[in-house]
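The two complexes that follow have chain A in common; it is paired with chain B in the first and with chain C in the second.
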Partner chain A sequence: MTFKFDKFLIRPLVCILVLTSVPSAQAGEAEFSADEIARIASHGPWPMPAKTDTGNRVSGNPAAIRLGYHLFFEPRLAANRRIACATCHQPGRGFQDGLATARGLRPGKRNTPGLFNVGQHRWFGWDGGHDNLWSASLRPILDPAEMGGDARRTVRLLRSQTELDCHYRQAFGKAPDARDEELLVNVAKAIAAWQETLVSPSTHFDALREALLRGDDDAVASHAPALRRGLRLFLGRGQCATCHAGPLFSNGEFGDIGVPFFVKPEGVDPGRQGGIKRLLANPYNLLGRHNDDATGDNATATRHLKPEHRNFGEFKVPSLRNLKYTAPYMHNGSLATLRDVVRHYSEIDEDRLHSDGERILKPLRLSEAESTDLIAFLESLSAREALLAPVVPPAVAACDVPLR
Partner chain B sequence: MKSRRWRHGVWRGLMPLLLLGASSASALAACPPNEADGKLLTSGPLQLAWRPVLQGNTPVAPTAIPMAGHFALTVQLCEGSSASKAVLKKVDATMPEHRHGMNYQPRIGALGDGRFRVEGLMFHMSGRWRIEFEVRSGEDVLRLTNDVQIR
Partner chain C sequence: MKPDPASPPRTPGKRRALIPGLLFALVLLAANAAEPKLPIFDAHIHYSHDAWDSTPPKAAIAILRKAGLKRAMVSSSSDDGTQKLRAEAPDLVVPALRPYRKRGEISTWVRDESVIGHVEERLKKYRYAAIGEFHVYGADADLPVMRRMTQLARQYKLWLHLHGDSDAIERVMKQDPEARILWAHSGFDRPEAVRAMLRKYPRLHADLAFRNDHASGGKTDPAWREAFLEFPDRFLVGTDTFTPERWHYIVEHADWSRGWLADLPRDVAEKIGWRNGETLFASMMTAKQ
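Right, the complex of A and B next:
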């Protein structure tokens, strides 16, 4: 009964209301209400103010950034000398690999996340198993399924090239030494320092946002109407911004949107529940002695973590910037295109969501036109031009020897 | 009245002192609470004033609690013009519409003279949040709640 009522009475009514309340297409700024504009404003400005990682004493250090850059592209860190960070995190793809699930020394279970703007995150990994960028960068080096590296191999590499050896000494004030238990942490901190410099370019959305805040109606109207309609849907009926909030379009926390978490051949990916366990067992978390922030102020999130039943099957809310480059989507790469993602939200299976979990997601039942609008908006969150190769950070003067 | 205002910058330094000799800090008692103590809630004779504090110890209005950012609270318990002997036992927050709470477990530090500091809260979504204070006063357990809108 309610279904019929809904379908035959409410829908046309809503349509009429919506149609009559939408101002003329050319109305520019007036198209968005003051409340909508305030909400749009919260998704900027872009770029975000740069952050220094107080837990990483070489954050922002030029020698470390140069060393980190070099090591990120260095396949000889891996046991088979053939897998670099950049094998999976490819610059031209927004630091993703285009695969559903990553392939390192062994096939992985999760989708490779892009690394743009990673310096702004609170949690790292789909399950937030890391609370800092350097321990998330150490994991792949050591993980036997990804690179399977170790300290001896790393030191051999650092010593084999004057440029690497020199930048390591400049950054850490000592020679690389395999007996130094800090060695791999230092290497990871250098790679982290470089990753902190990865900021994605500003987008159509950012330009639209600025035009709205300036009150520049002409500039607003120059953006495709589909994009603007999609934005309104994103903020309004879609309720997408509840989780995909702020300039990154992520609140940095975790959610369950009903993406199946079964892993072949059998088993499940426990998501955040496993992530919290992993995090607390990790000697490289911010409660440990490798945190360079003596005040411990940067460990608030870790110190106050509260495990909940609902964490089972929750995954990190991904940023929605640069989606154009980072397909396929979701923690298991199970959705190939943005159209698939929008269909997922449109037809979401409420039975798959935790009963004690979020009460936000309902099947949106979007029309074809609405889906297209929402996709147009999601596409507006990627760089306007093709991605450029990352800028090579300069060698520090003391190590300025020509690169081979 | 103004001179007893708390200097937030010295919290950290004062904390051990206060914990050691709560009574010696009585000069800091702030009862009845005034505007600077934040939002006032009452239950019978008990008055509870709470105020969000951001990183760097900046006190702000509840409407300025950041979305998805950690913050702390200062809480003052009073009965009339004297500090209450009641104890703040628990602080929690939920989103009634979403039926979920926070992802973080706040911790309460007693500073003496009815004053408490609660660390580690975070509202990770925009919308209505309900903060609940559980106060033990003698045999009684009182629950005081306050709604805040986060955007």
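Right, the complex of A and C next:
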């Protein structure tokens, strides 16, 4: 509801602001047009209104959030008792690991995606192989190549600590039991409930956006000219905002941007094409019985999924928030720096793109100075300060007992 | 094998009861054996220079055979890729001459008159079924390079594998009303528009590469079904391996094609799946040899 309010009321509001502030809105070299300001407005406000996952009955549940927090950092879920979710999703790195491709029990083939603002996503994973956060959280726990966990190990862990056992009971109304086929899904739902609380801090860009919307020329001018020029490139010639849209700077969908997708030894990573097949075959998708939304309304997008030839080699359009902390980039971590990413778009190989595919992608042919400006803007989408450890969610009163 | 003494002896009645089951199993086996995979003529394969290392010719041919292709019409940037595959499997590869000397000439070739000499030279040296696949839209089809391609196709009795809009098709047909054109991707046009073009130009044929709108979940779209039934002799299937990675999609694409073709009458499915390709293109190579 709040989103609709923003969408339909902010634009007229922006027009009014622009009409009253254009003569004085010339902030140095980077004066923004009314159209540009309207488009900048669409990348906020930040933070976004919190969403509840209707498919997860413990979404927002304090006991589940506390349990999920502990389990996220718990290496004893893994077969070797040394790998936790947080091993790859490190809080100080935007819940990424700084590696090109993830390393669980065995080396992975894809770059670890960051988890900030993950509660706002529709599809999960570079291939969108999951349509809900709990299913996406369950996969690495069970995957023999990642954590290799199982129900018995999980129950042993839950029962070994009074606090975990108590929070499980509080969240799900029953004791953890390895024979309960819901056990692992419940654990994943608790971890998802915690991840939903991960909201990245506001950024230089958010401050600039707010200054523009309130017509505060001095505040606009206080932002680096390179950042403002980069923003105009992002919106204009770069057409980046077509896919990197909205407050998350992602439309949440998938694209082929000409990054090679060979992997050894299998051959290729089919990306979205394989992801759709995996998703539709997954018993934990929103069409399955573990979806807690009795209306099934949250499964509409899944219900209409159809694999297409173009999906072969498409990967998720990532959010650009916190980019500074989440190098390397692309689905396979093949680009080490933001300069490499900008160069990729500047020199993109059109022949790798189907002429009737991503028509929007053309080599940007940016000068060195323009590349630097665009990078300055991209860096402004990260938190202004170093990322802090996440706030520990409080224990629920009934379970407020010291950890053993 | 000796009978198990612990088992009760089989009575003639019991033996008789087994016979229908055995017969049924035999019928099933026979039915499976009589129903081999539909052969596929894949009319839209590229083997460009960046695929040669990742998928060397032997591996590429192995993929085509694994996909159950009867034939593949191959064009490459450069044409050397096509020749490599042709040398590896002359029974499988139907060569088409792409006018691009390397990747990256998609949007420049039609204004680059040096392309003409290149194409003329290759035509003298090798046998082909078509010139293409090349990209040309609208008025560009009347530029000198494209006009020369039309003339060369006529001179060598070749097809033009044209990726472009209906305007480009119309212009080429004006240049040579006898031109035979394989319209790549059916122009990404609507089925009604494709049918109108096929009615207007009896020598126009169309491939269905890189499009999904004609079939989903093993069922043909009703509007496309009408097109296939009206023109069963004019459509072909194709994968379009426009990046080297897409060689790993050929097998799946062939199976996907078999899936939706099975929704059509058998004779129509066979024509679109492979017979049209055999009649139109493969026969040319045989005749020349």
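Things worth noting here:
Following the convention adopted for this analysis, the second predicted complex is superposed on the first by the 369 of 404 C-alpha atoms of A that agree within 3 Å, B and C clash if a C-alpha of one lies under 4 Å from a C-alpha of the other, contacts with A are read in each partner's own complex, and residues count from 1 in each chain.
Convention: contacts are C-beta pairs under 8 Å (C-beta built on N, C-alpha and C of every residue); 3 or more make two chains touch, one makes a residue touch a chain.
The model shown is predicted, which means the values in this text are computed figures rather than measured ones.
In the overlay built on the shared chain, the residue A:Gly246 is in contact with chain B alone; chain C does not reach it. Residue contacts after overlaying the shared chain place A:Phe312 against chain C, while chain B stays out of touching range. Look at A:Glu350: by the touch rule set out above, it reaches chain C but stays clear of chain B. With both structures placed on the common chain, the touch criterion links A:Phe261 to chain C but leaves chain B unconnected.
Counting the residues of chain A that each partner touches, chain B and chain C differ, and the larger count belongs to B.
Using the contact criterion defined above for the overlaid structures, shared-chain residue A:Ala301 touches chain B, although it does not reach chain C. Once both structures are placed on chain A, chain A residues 306, 308, 310, 356 are touched by chain B and, in the other complex, by chain C.
Within the complex, the chain A residues that touch chain B are 38-39, 42, 241-243, 245-246, 251-254, 297, 300-301, 303-306, 308, 310, 356-360.
In the complex of the two chains, the chain B residues touching chain A come out as 55, 67-68, 70, 97-107, 119-120, 122, 124-127, 151.
Interface residues of chain C facing chain A in the complex, by the touch rule stated above, are 48, 54, 77, 103-104, 106-107, 135, 163, 185, 188, 210-212, 216-217, 240, 242-246, 248-249, 253. The part of chain A that touches chain C in the complex is made up of residues 260-262, 267-268, 270, 273, 306, 308-310, 312-313, 349-352, 354-356.
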